[in-house]
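Note that subunit A is present in both complexes that follow, paired respectively with subunit B and with subunit C.
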Partner chain A sequence: MTASLSPGALFGLCGAALVGIGLYAIVTHPGLLRRIVGCNILGAGIFLVFGAVARRGGGAGFEADPVPQALVITGIVVAFSASALAVALLKRLSELNVGERNGTAAPTEQRGRL
Partner chain B sequence: MTPFAHATTPGGFLLVLAVILPVCAVLAIFACGPRSAARIAMTTLAAGLAIAIAIAVELIASGAALSYVVGAWRPPLGIALRADGLSGAMLVMTALVVVTVGLFARVQYGLHDGAGGGRAQTTFWLMLLALWSALNAVFVGEDLFNLYVALELLTFAAVPLVCLDGRAETVKAALRYLLFALVGSLLYLLGTGLIYGQYGTLDLLTLSRLSRQEPALSAALALMIVGLLAKAALFPLHLWLPPAHAGAPAPASAVLSALVVKAPVFLILRLVLDVAPPQAAAIAGQLLAVLGAASILFCSVMALRQARLKLMIAYSTVAQIGYLFIVFPLAAGSAELPPWGTIAWTGGALQLVSHALAKAAMFLAAGVIAEAFGHDRIADLGGFGRALPLSAAAFGLAGLSLMGIPPSGGFVAKCLLLTAAVIEGYPWLAATILAGGLLAGGYVFRVIDTALAIPAVPVAPRRPVPRRLELAALALAVAAVLLGLVPLRPFGLLQIGRDGLAMAGLP
Partner chain C sequence: MTLLLDLALVAWLLALAVHVVVQRGERSAIIAFLAFGLLLGLAWVRLAAPDVALTEIAIGGGGTGILLLRAEAVLRGRGKEEEPMTRAGKLAVAVGCAAISAGLGLAVLSFASPAPTLAPAAAEALGATGLGNPVTAVLLAYRALDTLLEKIVVLLALIGVWSLAPDGVWDGAPEVKPAIVPGPLTYLARILPPFGIVIGVYMFWVGADAPGGTFQAGTVLAAMWLLVMMAGLKPPPDTSRPLLVLALTGGPALFLAIAFLGSIFAEGFLAYPEGLAKPLIVAIEAALTLSVAAALAMLVAGPARKAPAR
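After this line comes the complex of A and B, so read on.
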C-alpha cells in the first residue's frame, strides 16, 4: 500500500487530517486558548496541502512548482500575526478578569506614546 | 497569452494609490508620533476621497475597467489589480463613509482629550487608515491569494477597533470576532490552495474562463464561500457580530457595520458570478438565498427585542446583510441577459451602498445619543428628539432606507429586488422582503416613538453636544435618501468592465 502512495498524496492526506483535527478542536472546545491552538493546527494542515500541491507541480506542468511555497511563506507570516494578536487579546482578557475577581480596578490604560 | 490578459490602462496607477496611500499615512503616523496622528489622517482622508472620485470619473469617462499589472509581471506569475463598475462604486462608497466617520471622530475626540494623542485615539486613526487600505485592496484585487492577505489585513485592523475602550466585555467580543474571522479566512485559504492545485492560477479573470464543472472546484468554492460567510456574519454564523459592533465606540461601529462586513459579501459575489460554473452557481445561489431569508426574518425579530439602541442597530445589520444574499438566485440571468444586466444585480448593489450609508448614519446618531446621555437604553431615552433634533432626524432618515420607504436608496433597492422576485418566480423571497420591511419598520418606529414621546420628566443631556457632531450623521442619512432619486433601471456604471467577462462555463 505504501508503495502506491506518492509523497504528494501522503502530504495531502496528512494535511486533510490536520485540517479535520483543527476544525474539531475549534468547534468542540469551549476554552479560548485551545481554540487558538486549533486554528494553528488547521493552518498547519492547509500549509501541508499547499506543499502537496507544490510537489504535484500544479496545473502549470512543472516538475515541482515554486509558487505554492511562496504562498505558504506569506501564509505563515499572516497566521503568526493572527496567533500573536489572539494570544495578546486572551492575555489582556485574563488580566482584566483576574483584576475584577480580586476586587481591584483593572490595570489603567497607559496613555501617551505608543 | 490569451487576448483577455490584463494590461495596464492609463488610469491604472490610481488603483495602486488607493491601496498604498493609507499605508503610507500609517507609517507616517508611526514616524511623526501620536501628536500629529489626527492631522496626518485628515489629510489622507481628503486625498483618498479625491483618488476614489478620480477612479470613478476615469471609469465613467473611458467606459472600461481600470487595470494595473504590478511590476509588469502578468498573471499567472504576477498580480493584477482591476476595478470594474461595481468596484468603483464600492471604492467611492467606502471613501464617503470613511471620510464622514473621520470628521465625526475628530470632533468627538476634540471634546474629550483635545488635539493631543491619547492611546485609544491614535490607535483609532491607525486602524481606520489600515482598514481603508485593506478594503480598497479587496475591492480592486484580482488574485485569490492577494485577496486572502487583504481579508486578513482587514480583520487585523477591525479587531482592535472593537476593543478600543479596553473593557473586559469588548475584549471578549473582539476575541470572539477574531476567532470566527480566522477560521473563515483559513477555510478560504484552503479553497485557494485547491484551486491553485487544479488550475495553476489564482487570477480571477483567467479562472473565469477556465472553470469547469469539477468536484475539486466545487469543494474549493464551498470552502471559500462558507469561510467568507463567517466573516460576513450571515445567519447562523452571525453570533459574533452584535456584541462586537455594539461594544465598539460609535465611529468604529459605523465603519465595522457599514463597510467591513461588505468586503466578504463582495468576494462571494465575485466567486459565485465569475468563477463558479453555472450549475454550481445555481445551487449555491439557492442555498445562500435561504440563509439570507432566514437572516432577514430571525435577526429583524432579534432587533425588535433589544433593549439597547446599539445592539438593535447591530442586529439590524445582520438582517440587512441578508438582503444581499437573496440577490443570487434573482440575478442568475440567462443566455441573453447576463447577471449584471438584471434588475436584481442593480438592486443588490444599491442595497449594499444604501445600507452602508444608512447604517453608518444610524451608528453615528447612536454615538451622539450615548455622548449626550451617557447610555443607550431605549426605554430611558423618552423624548430625546427634543434635546437632539438633528440626531433624531438622522436616525429617522436612515430608518427610511432600512425599511424601504420612498424616497430612499433602500426603497429603490428593495423595490428592484421585489420586482425581480416576482418576475423570476420566487414568491417566498418576495414575501420575505415584505416581511423584513415590516419588521424593520417595527424597530425603527420603536426608536422614533421614543424620540417623539413626551415623558413626565423630560430627559436632559448630561453634557451639550456640538452641532457639528450631529451633522456628520445627518449628512450620511441624507446621502442614503438621495440615492432614492436614481432611476429604477439597471445602471450603466455597474456594467462597466463586465462585458469583457464571458459567463463562466459558457462557450
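After this line comes the complex of A and C, so read on.
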C-alpha cells in the first residue's frame, strides 16, 4: 500500500485526474477564455504524470531523472507561449465582434469606450 | 506525516481545478487558477524537481495568471459565449473524460519496474560540462536542440501575437497601463524592481549549479518590467524598436552561432569544445535570460495598440 502511495504515484494519479478535468472544461465550457484555462489544467496534468515518471527514474545520486524535468520546463514555457497567442487571438476576435455589432470596423477606437 | 501533506496537496489541487471549471464568475475562476499554479509548484517540490517548481510558479502560475486576468478585464461583458451543452451531452463528455483519467491513472500505477532512467547517463557526462545542476546540463548541453527550438517557438508565438495588430498601429507600442493606476501599484513598481532584478540575476547565475536558470530568471525580470510598464513609470517600447528586437533575438542568435561554431571547433552541431563548455553555456544563458525576459513581457503586453512614434 505504501509503495503505491509514494509521492510519484500519488501526484501521477493527481495528474491523471487533472487531465480529465481540463479536458472536460475544454469540451463543455461555453466561454472561450475558460477553455484556454482548461487547456492549461490539462497541460499541468500531463506534466505531473511526466513528473511521476521522473521521480521514479531517480538514481545515480539524483532524486529524480533530470531529463524529463528539463522537458517539462521546456513544455511549461511553450504552453505559456501558446496561451499568450490564444489569448491575443481571443481579444482580437471579441474586438471584431464588437465592431460588427456596432456597425463599425474600427477596433482600436472601441477600446476607449470599455 | 508527509503522506498527509501530499494527500492534502492533491485534494487542494483537484478541488481548485474543479472550482475553475464549475465557477460562473470568470475572475474568480482565474484567481483560483493562480492559486492552483502556486500549489502545483509545491507538488513539484514533493516530486524532487525544484527547477520545475520554480518554472511552474513563475510561468505557469504567475505569467499565465496575469495574462488571463488582463484578458478577462478586456473581455468582460462582451465575451461571446456559445450555446451551453445539454445535460446529456455534458454527462457523456464527463464519462469520456473520466475514462481517459482512469486509463492514465492505470498507466501510472502499472509503470514498468525498475523504472527506465537516464539519470546515470546524465550524471556520467556532468563532469565534462563543468555544471553542477543536471537539469541545466540537460537543457543546455545534452538536449540543447530542444531548448534552441523552444526559444524559436516563443519568438514565433510573439510574431503571431504582434501580427494581430490593426494596420494603422503596425510597428507601434502595446498598451499595458490600465486607465486608472492604483496607488499601491505605483508604489510597488518603484520599490520592487531593484530586488526583483537582483533575484533574477541571482537565479540565472546560480542555475549552473543549483535550482534556477534562464527561464525562471527571465520570468522574474519580465515581471519586473511589466510592473514598471503597468504602473506607467515607463511606457512599453515600439515593437519595431531596434533595441527590443536585438534583446529578443540576441539569445537565440548567439545560441545558433555557438551551435554552428561547434561543428567547426568541436565534435559537431551544438557540441561544445572541451574545457570551454561552462563559459560558453553561461554566456548563452545570459543572452537567453534577456531574450526570455523580453519575449515573455511582450507576450503578456500583447499586440501594438498605439501608432508608432516617428
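By our rule, the second predicted complex is superposed on the first by the 95 of 114 C-alpha atoms of A that agree within 3 Å, B and C clash if a C-alpha of one lies under 4 Å from a C-alpha of the other, contacts with A are read in each partner's own complex, and residues count from 1 in each chain.
Keep in mind that, in the parts below, a contact is a pair of C-beta atoms (placed from the backbone, for glycine too) under 8 Å apart; a residue touches a chain by one contact, two chains touch by 3 or more.
Keep in mind it's a predicted model, so treat the numbers as computed, not measured.
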Practice problem: Quick one: classify A:44 as touching subunit B (first), subunit C (second), both or neither. | Solution: second
Quiz item: Which partner does A:67 reach: the first (subunit B), the second (subunit C), both, or neither?
Solution: both
Quiz item: Touching A:56 in the superposition: subunit B (first), subunit C (second), both, neither?
Solution: both
Exercise. For A:32, select first, second, both or neither according to whether it touches subunit B, subunit C, the two together, or no partner.
Key: both
Quiz prompt | In the superposition, subunit B vs subunit C on subunit A residues touched | solution = C
Practice problem: Figure out whether A:78 sits in contact with subunit B (first) or subunit C (second), or with both, or with neither. | Solution: both
Practice problem: Please work out whether A:97 is in contact with subunit B alone, subunit C alone, both, or neither, and reply first, second, both or neither. | Solution: both
Exercise. Starting from the residues of subunit A touching subunit B, keep only those that also touch subunit C in the other complex, and list them.
Key: 19, 23, 32, 36, 49, 52-53, 56, 58-61, 65, 67, 71, 74, 78-79, 81-82, 85, 89-90, 92-93, 97, 111, 114
Quiz prompt | Touching residues (chain side subunit A, partner subunit C) in the complex | solution = 2, 4-5, 7-25, 27-34, 36-38, 40-41, 44, 47-49, 51-67, 69-74, 76-85, 87-94, 97-98, 107-108, 111, 114
Practice problem: State the interface residues of subunit C toward subunit A in the complex, per the touch definition above. | Solution: 2-3, 6-7, 10, 13-14, 17-18, 20-21, 26, 29-30, 33, 36-37, 40, 43-44, 46-49, 51-52, 55-56, 59-60, 63-64, 67-68, 71-72, 74-75, 78-85, 89-90, 93-94, 97-98, 100-102, 104-105, 107-109, 111, 115-120, 122-124, 134-135, 137-139, 142-143, 146-147, 150, 153-154, 156-158, 160-161, 164, 166, 168-169, 175, 213, 215, 292, 296, 299-300, 302-303, 305
Practice problem: State the interface residues of subunit B toward subunit A in the complex, per the touch definition above. | Solution: 30, 33-34, 76-77, 118-120, 122-123, 145, 148-149, 152, 155-156, 159, 163, 166-168, 171-172, 174-175, 178-179, 182-183, 186, 189-190, 192-194, 196-201
Practice problem: Quick one: which bits of subunit A touch subunit B in the complex? Just the residue numbers, please. | Solution: 19, 23, 26, 32, 35-36, 39, 42-43, 46, 49-50, 52-53, 56, 58-61, 65, 67-68, 71, 74-75, 78-79, 81-82, 85-86, 89-90, 92-93, 96-97, 100, 106, 109-114
